[in-house]
């Protein structure tokens, strides 16, 4: 029997708060780049371990530090002066004892550097990864004890730590709007049409009663913008596009502000948010894993959040990663499938050394829809939680197949 | 007129949640060390700027990456194999134009390295900073635009970003207990009596209804523990000390667990939480700024939290830092001084480019005590918020004088 | 009038020494790779300066440190475990004041990293530069004073230092043999036919009276050698090729030894000189500029040598570079064109701050052929020296056009 | 029987060359600092190995790269802006298999960093090593094969490579003068009296027939020099001291030039050779091992030289180090003790894999004094060479006890 608990939530729904704040750091934000690299490295190592050894070995690559470079963007051009420095740290098993007693070496540094560079190439399309970045790897070897956990042929691994994960569903309109606004601006179609829009896009949504203000900071790619007038016209165009997109996610009024720090009295590039590469990491903005979006893609101070960095942690026994992702999956399924649930929040707490499918507690806090009581939904909710815990190692597969986000 | 708003909270008090989770990463946890270094560097730079230039110049040193070293702890001894790598990044003004047109150089790298090392020396007493760490500095030069903001003789600086801070008060019993347990174990008196207790202490509090479980992970300093028996006896002793201390903060039942990952069947050091220096950063655990405690010293998923790293940001116009600290101060004063307030949560939201004493909104959400209505407290609460905003630059002084914590 | 001096040498010719030692570190030796990178970076910066500013600005990039990686070569395959670390240091002007008072930035770091990587790609053909190396750049900004020298529109720059260069000609048979043996093994034709021969080839020639022993250390590329037998057969084949090539350069007897550290009793790869990439820098051997070949391509303890690293120094006023290269050119022309000269050695000594075409002394020490007196050749020798000094800035062009080697 | 050969030299003595150039880079020159650190690290590792394991294990730490910092020297003060970066590379055995099959770890990184810092503290007295330097260690693990050589209990180790060493004696007057001038200026007594003289002192001696010009570049320590006048007066004083010291080593005329790049028309510090720490490594001048003095302390293009970096190589089987040092010892003893020897040069050539006391050849080339024939000295010379080869492992002890210099 698993320790599953269902509570009735007494709070009013977030939608009824007078003030709601939601933020998303887009793909090209330095913190998100760090998250993305950390997760890519973990994924690449996991695959390499599976190929070489048959199962994933111990690793945690959730410590990526981006040190900003220096650039000289100009309308219609610009250059990189000093590349972005990317430090990969963490640890990973670099050797595996084969049954015959010999050691099999795993090229952790090479795999990690390759994964990081490929991620960058795929993600920040105007960044010349070869000449615009320096990727250094200081990943240490995993400690022997933890490595053991992975070597054993266990059906369910044991928790690495006393830790917890949280999740909630469904998203409010403001949450959806913020997330989807970034998705739109970073979509392939949009980039094809508007190549001057870099990936470094931060969307801050502020709902005051039933009016939303979307403040969007978006890096322009300098070589695709010829002058100030073009820049300003584009800003107007994007404002309209964002505003027109909003009704897909909300029926509230939406104001859009773009690059509010611009000084439009200035003629040359110094007054505008121009970059050579599309990310502010090229000049001025450092980044690191776990400082930005939570594992559901958002920062939501009105909601329960975990401080755990999800990206880059090993998907086998790091409950700080797994329980956050699991909470997202569980709450989404509950919100979607259980009639009568208006909102659900989860917290799953581990016990170090115990199998990860046996948490100390998995607690769901439910707001029911009008006309429903907690007893009406309890059984279904409990069943869904149990099913996900039963199949907890699916999370590992979802991650390797890139079916779920971590930031 | 400032945008101050007072709301009535509809949630039940956190104390009435069936499940409450609270965590504190102690001073010697790698994330906390990063926070402490980041803030020390900011403080040292601020002082140097004041001395050389008359006012604080632009800087943000909230990106510190600790890459774990390698060690070989032994009962009664042990050695460092590979030092802890500490990378200081961020940016800071390295030059200041004097009225005569000449430039005054500021030795940012030297100041930063010195501050980091001094912090480490003061904080991790068994760490030989000279030979057990490598402190590297890649702090870049501040961008010209932001620097300008600081050069102007303004009474109130303008927001650097669209961002927000949150806070709440008072602490629940569980919150107090977690915080004070770490304080006790890292107090000077305790360290004098028990030199074998390192600074890397993580306290996780789990309240289930009215029963609290405190799970404490504490690094022992190997040279002060002669063998397994001594280690186990000390664990017992500390369990009692922590349990005996609890009633000062709570009337609930408290269970204490220490170093639950130990394997007591093992005779040699491999089964226990032994370190040479008192921090797990010596082997295996990386750290970075903003990944651990929030600015009130705790991680509290039942409470509103901000993702902003408070430590290391400049105390002049970085609202991600200032509004979090301000929210803590305001809510504490409200909880303490306003009769009838049971719980208060705040969110302060900035407008980029506007003076920081004029936030877009400063909203307090109040739970009143029985017998009080929101109208009874509204005026006092509003007055306190306004007073703090009026004197917002005090936060800068508090930080330089080390009167308030940031992690 | 220039300070040109012609002396009669009293030594016997090197050919008459009973013992002569000559060494060449081939293109792929870690020290030579460092030299090559240093010179490539200097060349790339020189070209960029010319393009952006109109003339070469101050720089010295003669400090490249290669830290070996880690690899796991196997017959028929193998992998890189840890990339080769390449640190570019030195200094270079990063800004140039335009006539309008504005500053023009030069992307020194990006240019340097690009030049280093392109050099590696061109030179070590089996090295995957992207994933098998980390190129980090810590080139500092040039000091203002030295920069000035370059800003002035001078016909002849002034010496940067009190320093000297040396040269000699013609090469002995042993010298030619050593040089040409490496050239053969690293030629394009040879590589096409024998792709398993890496670029890391060290040739040591020992002449004892009229018998030469060539000891060749050559890295094999593991993926092109299927097993021990193939390796040993190839060694035999190469021994014959080298021996057959020798009569082109010498009429002495020549013994050839290849990879003398091999242990042929071993079956697996551990007994042989196998590499994944063709250079020992992939595992075990560090390198740095100026530690290997002198500017004429050889190490010749029987001959005068300069300790100056020629590669990577600026080609404008660094006499440590220019006078060595000039001495090579001058002595070669003298040896070739002046009838009666058997051997010539030169030393050119600078005076700091004086134009580089006015050395403190340019001294030639001549051995004449039988039947010739020093007076017979003095005038021609003097004329050649004077002509080269007159046209000393040609050296700069030769370097930019890659017409002369530096290592 | 050892391969010892005695030849008659036909050259005229160096003293009879019309032109003789001799250079010494003093203790504080960046290249010499690198040499000193490399050798200190090797010494510290050797001692640690002996203590932990009983004998020296494999290591080579002859790759030290100093990247210059940035400073702001002022008459009477000044500050360090950016510390000197010191990268320790090379490789060393980090583990040793004990007879019981267990591994003993050796804290190579910690030992190396400690040795480097202690050397700096002892050598560059005005350098604040804590805050003015960053010492990073990337020493890799020694390859298994080479490690084996050291594990065996052999009386005489085997050569690591095909390589050679050279030496000569006695020093000419110019050589002695250059060496002793630096020794004087860097002596403890002199530093006590003249604390403003930094350790970065380069002495270039140029002998033209029987007139010597000593060009001395010496870094002044800014805090000990109040203004330009004091600086100029000191230069005059030092010029006299150096000139007065010369007759102890030579009967030739000696001209002394100090800091010839100074621009005495300038009033402020920009015109003079001022440093905060006493070494130009603080700003502008990088350094690395093996780029400066040969193992006898001098650079002597008129003499046979080896390119091998002596400092930092292991003292057990690295013939590139041992044979150079041995050649110095042998030639000194011959020059001093064998009647009739005017000058002696040696070359010792190894055979990879053969015991180091059995070189391929040890050849001495002798100039006899008037009235002596080669036959008169041959036997004594041969005996001395044989004795040193017989006792070749003494070199190891001399190095550990710091009885012989390596640069």
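Letters are used for the chains, namely A, B, C and D, taken in the order the chains are written, and counting of residues starts over at 1 for each.
Keep this in mind: a residue touches a chain if its C-beta (ideal position, glycine included) is under 8 Å from a C-beta of that chain, and two chains touch if they have at least 3 such contacts.
Worth saying up front: this structure is predicted, and the values here are computed from it rather than measured.
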Label-sorted list of chains bordering both subunit A and subunit B is none
Between subunit B and subunit D, the fewest steps along chains that touch one another: 1
Averaging each chain's C-alpha atoms to get its centre, pick out the one most distant from subunit B. C
Find the geometric centre of each of subunit A and subunit C from their Cα atoms only, then give the gap between the two centres in Å, rounded to an integer. 50
Where the CA atoms of subunit A average out and where those of subunit D average out, how many Å apart are those spots? 55
In angstrom, rounded to a whole number, how far apart do the mean CA points of subunit C and subunit D lie? 24
Within subunit D, the set of residues that touch 2 or more other chains is 70
Every touching chain pair, please? A-B, A-C, B-D, C-D
Which bits of subunit B are touching subunit D when the two form their complex? 70, 72, 79-83, 94, 105-110, 113-114, 117, 130-132, 134-137
In the complex, subunit C residues that touch subunit D: 5, 7, 10-12, 16-19, 21, 23, 63, 65, 67-68, 70, 85, 87, 89-91, 138, 140, 143-145, 162-164, 166, 204, 206, 208, 215, 217, 260-261, 270, 283-284, 286-292, 294, 299, 301-302, 304-307, 309, 347, 349, 351-353, 360-361, 363, 365
